[in-house]
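The data blocks that follow each hold one structure.
Each of the next two complexes has subunit A plus one other chain: subunit B in the first, subunit C in the second.
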Partner chain A sequence: MNPFRAAIAVARKDLVSEWRTREMVPALAQFVVLALLIGNFGFQIDSRNAPSIAPGILWLALVFAGLIAFGRTFAAEREQSSLEAMLMTPASPVAIFAGKAIAASVLLILCEVVLLPALSLFFGTPFSGDLVIAVLLATIGMASLGCLFAAIVARVRARELLLPLLTLPLWIPFIVAGGQAVQSAMGLPGSYDQAIGLLIDFDILFVVLTSLAARFVLDE
Partner chain B sequence: MSMVVANGLTHRFGPELALDSVDLVLDTGEHMAVLGDNGAGKTTLLRVLATALRPTSGRLEIAGLDAFRERRRLRHYIGYVAHNPGLYPALSAAENLEFFCDLQDASRSRVAEVLETLGLTSVAHRRGNLLSRGMQQRLAIARAILHEPRLLIFDEPDASLDAEAAEVLGLVMKGRTAVIATHDHALANRLCPRTLVLRHGRSLGTATHLRVVR
Partner chain C sequence: MNRLEKASVGAVALMLLAGAAIFFYAPTDFLQGPVQRIFYLHVSSAIAAYGCFAVVLLGGAIFLRTENYAADRWARAGALVGVVFTTVTLVMGMLWAKKVWGAFWVWDARLTSTLVLWIIYAGYLLVRRLSEPGRQAARLAAVVGIFGFVDVPVVHFSVTWWVTHHPGPVIINDALPAQMLATFLFTMFCTIVLAAVMITIRYRIETLMDMKQLIAGPVHVVITREPGGVAGPVQ
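Our next item is the complex of A and B:
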């Protein structure tokens, strides 16, 4: 059994389902734009303080959009009773988990396609490749952790409450390093390279750890 | 040769005893119905036999392999239809099966063949949420036979099926070992020469052709 074929099949299935139902991306895109709008009206934004405030608003919007996107990955499977059918195949649980995480990451990246230009528009901060790289690197690690906890809480009734409680503390390293990288990309003092190095280290660490844990979480 | 050998299968959900020391031997090609009231342990037994649930205690061998050590390997041999069809509503019937071909490592060319066997060719491109409950159940059966399993495990497959479906079930079970949980005694007698009766998780024994006395 080729695990790549299984992971790609799972990711493609989730993305095709989202494309046809359009349940998640339009709602998430609206949510991030509204979050930026509230941030824009809630703070006295000017050209001096925008690079300090905008990264905070960016990560708040991203974290809450991520919780919704990752929370749905396994909840929908449980509601449809389709997770067991998938786990009854010879495909490795790690491949199934990877496919779900890839699809959820793509959905969050689609929101970021709306979020990042909108951030520049509302806050007048620079839109650069460095900013995009920082956000994408954080998305990888956040997706792996978010999907793991989404799989754990999917069978629990209070999953909407439990998912943020479990996930947010472990997302803090990504928010700290990502926040530092985004601030540097927006022209504030701080080492961009050091922050990106940290994000890559966290990505490797959490992708490996969650892949190892996924086997035990999904395999029963 | 025995396809299924189970000794002392016991399963507890917390303090609740769902399955109480069930012994079972099923020969290759044999068809067996599992009967019992609601809560008798039929679904638990079937999930254990399908290796979807690890029993609290007991031993299970399928095709000569330890069912829980060789679980992943055995998934190639087992086709399982749960009580709930568990399909993807946004995918068409054919796409649902193609997806499972990828996970089962089966050729996608099986899809057309299996749809025809189950009488679903005309709805191959209809989305899962637009299929009737009976058609969804047929599609779940189609999914279970995609990889040509040796052992079929059906949990109340007749729940939403019409009279013609019994023929279909007979067709897909032909040449395979099969275990069916059902409340329909007539169907059980028609499809399965052997019957296991469960009550409160305990086996009341097996019989060939159950005589139902009301």
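Our next item is the complex of A and C:
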């Protein structure tokens, strides 16, 4: 069985089920707008300090939206015990994992489609292609790690508690490099190209590592 | 006294000797004064912690390949002792930093990556606590341990862009006077012995806990169909 087709099929299944229920994306979109609201009242934001505060709010909103999105990826499978059924098909666990990661990152990207323009709208920070590229590159690595650890905690009690504890420290490299890239895309000092290069390196490293580990996490 | 008790007494005696060397043999630092004596135990426990997490990495990797539960118990023991030594490193470092840099904490590469190290392995211990003991928990924890080990150099590398406050390795570039170097090497040796003894004791405890789990825990019984097949607990 072609692993790529299997992965696409799993991703399609997840996205179709999201399309039919329309639960996650509206909730995530509302969540990030609320995060911006809190950011606005938590800081005293005006046109001068917006570029130095907005990147932080962006990453906080994105990270916590990501935790919600990835925490839900295996929730439906667990509630209906359908993961076992999927693992019994000839599709390899790595392909199933990749499919779930692709679907979760599409959901997160949809949430970024709301977040990035809303950030520029509310805080007046520049909206540029550089910004979009930086956030998308970080999303790839964060999705692969987030999905792996969502699969791990799906088997554990108190999973809502444990997912952030395990995932956030592993996301820090992406937040460091992505934070730098977003800051320079918003006109703060720092090398954008170096940060993007680092993001690409981290993406490659963690996509390879999570694919290797997926076999041990999903395999029964 | 059994062997573990003898080893503990030996390790404690060695640590007391190291303490004596730190306070009475090593010279006082010209610039920093007595607070520099934190250095010996601070760096030694950091090295011991890395050693412990290497045990977690190796134990996890061996478990994933061979399903040998002894490897998993070594990993569990290493994680617990490693978190203890990382805590010692962080607390001593903060005290030293307050005196020398004027703040308990700066977001420097080495401090950030050590904090991340602590959080990841504290998370590892939580995974162990919150999951049902057995094969699944061991496999999941092994993956967490391996990712934790990979993540720390990555965090370190990604933060090194910013100005680093933390001094570089002083041993390699010959910056230590001979008496300080001797004290440091001796303290490092004693700390590593202490860590090894602690891991061994913890390994023994984990073994006993696994046995208790097998005898009294929620036992899943496998009934075999062969004549005389023994119904026994499985993990």
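Please note the rule applied: the second predicted complex is superposed on the first by the 220 of 220 C-alpha atoms of A that agree within 3 Å, B and C clash if a C-alpha of one lies under 4 Å from a C-alpha of the other, contacts with A are read in each partner's own complex, and residues count from 1 in each chain.
Convention: contacts are C-beta pairs under 8 Å (C-beta built on N, C-alpha and C of every residue); 3 or more make two chains touch, one makes a residue touch a chain.
Nothing here was measured: the structure is a model prediction, and the numbers come from that model.
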Under the stated touch criterion, which partner chain does A:Leu87 make contact with: subunit B (first), subunit C (second), both, or neither?
first
May I ask you to decide whether A:Lys13 touches subunit B, subunit C, both, or neither, giving the answer as first, second, both or neither?
first
Which of subunit B and subunit C A:Leu148 touches, first, second, both or neither
second
So, in the complex, the side of subunit B touching subunit A is made of residues 50-54, 72-73, 75-76, 78, 80, 82, 84-91, 95, 99-100, 102-105, 127, 140, 143
Residues of subunit C defined as touching subunit A within the complex
64, 112, 116, 119-120, 122-123, 126-127, 130-131, 136-137, 139-140, 142-144, 146-148, 150-151, 154-155, 157-159, 161
For a test of understanding, state which residues of subunit A touch subunit C in their complex under the given definition.
145, 148-149, 152-153, 155-158, 161-162, 165-166, 168-170, 172-173, 176-177, 180, 194, 198, 202, 205, 209, 213, 216-217
In the complex, subunit A residues that touch subunit B
1-2, 5-6, 8-10, 13, 16-17, 20-21, 80-92, 96, 220
